[in-house]
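Presented below are the structures under discussion, each in the form of structure tokens.
Next come two complexes built around subunit A: one with subunit B, the other with subunit C.
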Partner chain A sequence: MFGLKRGSAADLLVLLAVWAGLLLLFGQLSAGFLSPATLGSVANRIPALLLVATGMTLLMVTGGIDLSVGSLVGFCGTVVGVVMVDWGWTLPAAVACSIAVGLLLGSVSGLVSVKLRLPSFIVTLGMLEVARGLAFLAAHSRTKYIGDTIESLGTPIAGLVVSPAFLCALLAVALGQALLSYTVLGRQLVAVGANIEAARISGIAVDRPRIAAHALLGALTGVAAVFNCSRLGSADPNAGVGFELSVIAAVVVGGTSLLGGRGSVAKSFLGVLIVATLEAGLVQAGASEPLKRVVTGVVIVVAVLADTWRRRD
Partner chain B sequence: MGTGMRAIVVGVTFGMLLTLVGCKPAAPSGPAADARPKVALIMKSLANDFFATMAEGAQQHQATHAADYELLVSGIKNETDIGEQVNLVEQAVAQGARAIIVAPADSKALVPALRRAQSQGVLIVNIDNRLDADVVRQAGLQAAFVGPDNRDGARRVGEALAAQLKAGDEVAIIEGVTTTFNGQQRRAGFEDAMKAAGASIVAIQSGEWEMDKANSVAANLLSSHPKLRALLCANDNMALGAAAAVAAAGKSKGVMVVGFDNIAAIKSLLADGRLVASADQHADRLAVEGIELALASLKSGQPGADRATPVDVVTR
Partner chain C sequence: MLRAEHLTKRFGSVTALADVSFDLRAGEIHALCGENGAGKSTLIKLLSGVHPHGSYQGRFELDGREANFASIRDAQAAGIAVIYQELSCIDEMSVAENLFLGRPTTRYGVFIDRGAAERRAAAALARFGVSLDPAAPMRSLGIGQKQLVEIIKALLRESRILILDEPTAALAEHEVEVLLAILRDLRASGIGLIYISHRLEELAKIADRVTVLRDGATVASMPIAAADPATLVRHMVGRDVAELYPTRTARRGPPLLQVRDLSVAAAGSGIRIEGVSFDLHAGEVLGIGGLMGAGRTELLSHLYGAWGRRSAGRVTLDGHRLDAGGPDSSLRAGLALVTEDRRRYGLCIEQSIGFNLSLSSLAQVSRCGVVSRRSEALRNDEWFSKLGVHATGLDAVVGRLSGGNQQKVVLGKALMTAPKVVMLDEPTRGIDVGAKMEIYALINTLTESGCAVLLVSSELPELIGVSDRILMLHDGRVTGTFSREQATPEVLMKAALGTAVVHTDAA
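Moving on to the complex of A and B:
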């Protein structure tokens, strides 16, 4: 037990070192990278990613995965747009609707995959298409402009470089890690992911934590959709295309296993920071779009490779 | 051993990063270099030849006016990656750009980010795809528009096609990303021309500006509407995809395709008739006119006026 914790702390330090290394590297490559403006722009860009990465970590610990989060960001965002623009409801009501829709669709994915014993990969691949289609139907394939009411969530607080959305995402990371480390549900998530038969034999109702992880991720995605809308000031049915891949990349860079049984929300947080810093740094260093993709792809694989080697030794 | 391996891997990655990024040293800090304003050109998908041509035009212009400004060029992965484009706007501001020339991937969703940039003193020039006028007014954004009249251009492309159609012929439109103003305008222009010619529009579907997507959309349209006589595509990328679908269906003789943008890749298709017409919006000039307007505005302190750029219909 002690050994595991020590290894875990070492992993955190390694990830921190990688992040610091990236900051220094890009500080060298482009003058003005290490400025509050850049760091603020990174912080204010990642709230949606952080929220969904937190939920995704909890789900991947159980051995599940959700490919529909990008489409859910698009659909829940569209719900926010319809509720606020077409119906004229307030922001809190829109947030509640977005969370409810996310929770509902996440639960559907969870129930279908767990109760009908289908791989979550397949079920959520279906949900990816369903939710994107619903987004276009609900929005009539048009972007809805929402404006100031929602933008304030994503705008830096006066005197601080970070936005309310970022602070909220930090809170979610802290709560997610606490849930994983200190609650019964958290232990069950790990137990189910590590060895589902052993978990069943030891008396855990194995379906419940798995469905709960899907549902929680859905709800967090609903919140993420609101923050995404706040960045755009609009609800766009195209929002979040490919988002699931950024989330999964950040989570695996943070060392969470695709096979379940192992993961840490705090490390996913660092994974998000690393991926976001890499992207911002490559833009500022003047790397072309194709080059950015090559470098990002290589870094993801190398990070996971390094993690695997460490574990094997 | 474990940590050693990790250190090596991390070291190699950083080394590779350095090499790939080209070991660019921090910007030269002479007084001359500092005096030049930074101008950021933010485009859509660089996988689209249209924007690649636009980028080249801008880079050539910068090379001949190297003393006047410094150019930052960027684009996004695919045409729907709006979050990434917002990020590029924010990065340009963080880099200290004095002006941003933007071809927005969404006519509404980019407005808030641009307004935030403007409130930090950055001049905004809108090129190619026009921002939504209502949203711009609501948000209080000031941005001159430099670009063509897409509806008129598409109408004229449609007329070039209509010359080879007769009343009652079935046609279909493959439109761009439905949330873009230029996409909506081109679709409207195609509809204008087809209605005037008395053709019957049996389907309108989105190919999201991309070749792949348009290819499968076209293949489906061809099998569901066997009497289809023409596919009107809102850009050339999609026209290439549609033309491939037409060839695959063995209907090269019966089904005509038109596009928009006149990218280099369609030259041979225009020559052998697989494509009937396209529209040249002079992509290379588009960005340059935007940059010139921005430089003039920076110098005078006055926001520039909108500039219409020409659209020419090209046939074989």
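Moving on to the complex of A and C:
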């Protein structure tokens, strides 16, 4: 699958088994869990997560990270709201604006971090505040109701069980994995994350792939912001608070290293499924919000621990 | 006082030590030599508890009683201390803090008593005749001084057996003398020392006995009087040295790389390379020698575009100007570099052989930014077999290979770009004799096909054995150019020390 190596295929199977285990477990715990309705709602929840997790994987492979994606979802969503409600533009134009804004802010983070040699952790922590502030400024701190036009993206297509948003996210995952496995840029991302000095000496212009990864993640976050609006039918400047943590959790559960040099979009996809199923399942099983957070937190650490142990010789 | 009997240690299918016995008397310096991979470091790891008892066969005896160490702590408690080549001191702390690291001098068991620690440290330093300020930050010390602090730290822990792993590798001449004097004092006080060094002439000055390891087995053990360098080398290598270097067969062609009056400044400091000129011809190996800090690595890095700012001079490759624009433009122009530190600058250690091999040639194996798996595999297979990399396949992770095989991968990566000039910085450092010979043969093949090779090496025999001509650097300047016939270790050493500027007709 996607030109992955044998060891990687084994990793995928383990993740799939964990996911299947979760489905069975929650199926046992609450009778209605394995119904089309619940699964449909999981599928509906995850497009934004999938898109951003794909971009985040590509960035984390280089050894970078972006903490501002939650705020970017908020700000880009506000842009969609302003463009559609205040200016009366069409949905495609709003999508283009959202992507452009995401791309711009992602590139800014990338340029500042790479060219000025600051850790991306710090730069994007700053961007987290900046983008959230911009969201409130642009929206005058009010939620804008957009309505049916945008909701249609998140509703299942007649005849299919899944929504356009979900299909779009799947496409992004496939393209993301292909980029990582089959392209020169993908190789460069891995090389830069694995050993940036060796990559430089090998003749790779090391700044370019790193900035590209930030920019790409920004653009994907722009798309994710649209899907997030479509779930609510409105643009909320508060949207996406804490979203970055869900994304990073999913990517890490998928086995991507925080230190760079190792990662797979396909595995992040399964990471997203696991995290989303866990959250939906806990809700269904009647767990309270605080309890849900406790369990999710523990599961993330255990998943990474298991991954580390499996890698040890 | 220490006796090791019939030690055998295996890593998977590889036998690192095969039935090695070894003993150390109190008040003795016992030298351990052997090529890299001969088993020296494994033996030390057994002795110091890094590999715990039970993971190997054989037994240790300390003062006539059986002593087997389950951990590093165990071995330390028994009085065994290792001073590794890579020092483990903490630069941010003071000399005194480093000396009592892990056992701070405290008041009421809670508060660090800096004054008392410094008084104790001063006493300890004085006892060993070392004049250092205990309050000085470790950062401000030279490597030699840091090493002394490490040794004193070990002695303060009541160590009776001191193992020194290439302690003089990074030291200047006068620092070596200071260290050796201290080691002699320690010997006189009844401490047993195991001394590992590649510098054979040093052993004659300091050791009482020498044991030579090869391929995990003891091949010889003798008093130092019987161990002249030639004998030691024969034991270490297992053959006469003359056979090491292949006969050069390439014909010298027109000049490929021309360097004229090159001066380079380091960022932030002064001129590091001054007025260097030379021609490198097709089919030729030009050796570059000199001491540490003479500017050899800097010269190669600069030509490659990875270091320094050019303040004067002109470099042409095959008639085209080479402006040190960066590794990517150098590679395009046909200039490749194999760096000295392969783990740091050469390899993505957790990636596969294939990933590393093609890393510099991605543009050649891709179309519109998409890597063609077929043409990549084709090229990788070609170099994998050309270099004779010993591994299960292209998928094998580079970090698991031996030093020699790792070096072959780095070489393959550089050569896959089809360079006209290949610069090799210490290409045989830390690899075994077999792999060395293969690399020498490869250099020969390269020059036969019309490539030119610039070779930096700290080993004079290698420099003389492999090069057609040798350029000696001292303090960033050329102090001599020698043909192969003119080059003797003595002549080269003089030029390396900068005592005489020699220009011969070899240029």
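Observations on the model:
Simple rule for what comes next: the second predicted complex is superposed on the first by the 309 of 313 C-alpha atoms of A that agree within 3 Å, B and C clash if a C-alpha of one lies under 4 Å from a C-alpha of the other, contacts with A are read in each partner's own complex, and residues count from 1 in each chain.
One rule holds for everything that comes next: a contact is a pair of C-beta atoms (placed from the backbone, for glycine too) under 8 Å apart; a residue touches a chain by one contact, two chains touch by 3 or more.
Predicted model only: the values in this text are computed from it and were never measured.
With the two structures aligned on subunit A, subunit B fits next to subunit C without clashing. Touch criterion met: A:262 reaches subunit C, while subunit B stays clear of it. After the chain A superposition, the centres of subunit B and subunit C are separated by 130° when viewed from the C-alpha centre of subunit A, nearest 10. In the superposition on chain A, A:183 makes contact with subunit C only, while subunit B stays out of contact range. By the document's definition of touching, neither partner reaches A:16: not subunit B, not subunit C. In the overlay built on the shared chain, the residue A:242 is in contact with subunit B alone; subunit C does not reach it. Put simply, more of the residues of subunit A are touched by B, taking subunit B and subunit C as the two choices. Once chain A of one complex is fitted onto chain A of the other, the partner contacts of A:203 are limited to subunit C, with no touch recorded for subunit B.
Measuring only between alpha carbons, the smallest separation of subunit B from subunit C in this overlay is 15 Å. When the two complexes are superposed on chain A, none of the residues of subunit A touches both subunit B and subunit C.
Every residue of subunit C that touches subunit A in the complex is listed here, in rising order: 304, 306, 326-328, 330-332, 337, 339, 344-352, 355, 359-360, 362-363, 366, 369-371, 373, 395, 413, 417. Touching subunit B in their complex are the following residues of subunit A: 14, 17-18, 21, 25, 28-32, 35, 37-38, 40-41, 44-45, 136, 141-145, 147, 151, 155, 228, 231-234, 236-243, 279-280, 282-291, 293-295, 298-299, 302, 305-306, 309-310, 313. Residues 3, 5-6, 182-188, 190-191, 194-195, 197-205, 261-262 of subunit A are the ones that touch subunit C when the two sit in their complex. Subunit B contributes residues 1-3, 5-6, 9-10, 12-14, 16-18, 20-21, 24, 26-27, 29, 46, 72, 74-78, 80-83, 86-88, 90-91, 93-96, 106-113, 116, 132, 134-135, 138-139, 177-179, 206 to its touches with subunit A in the complex.
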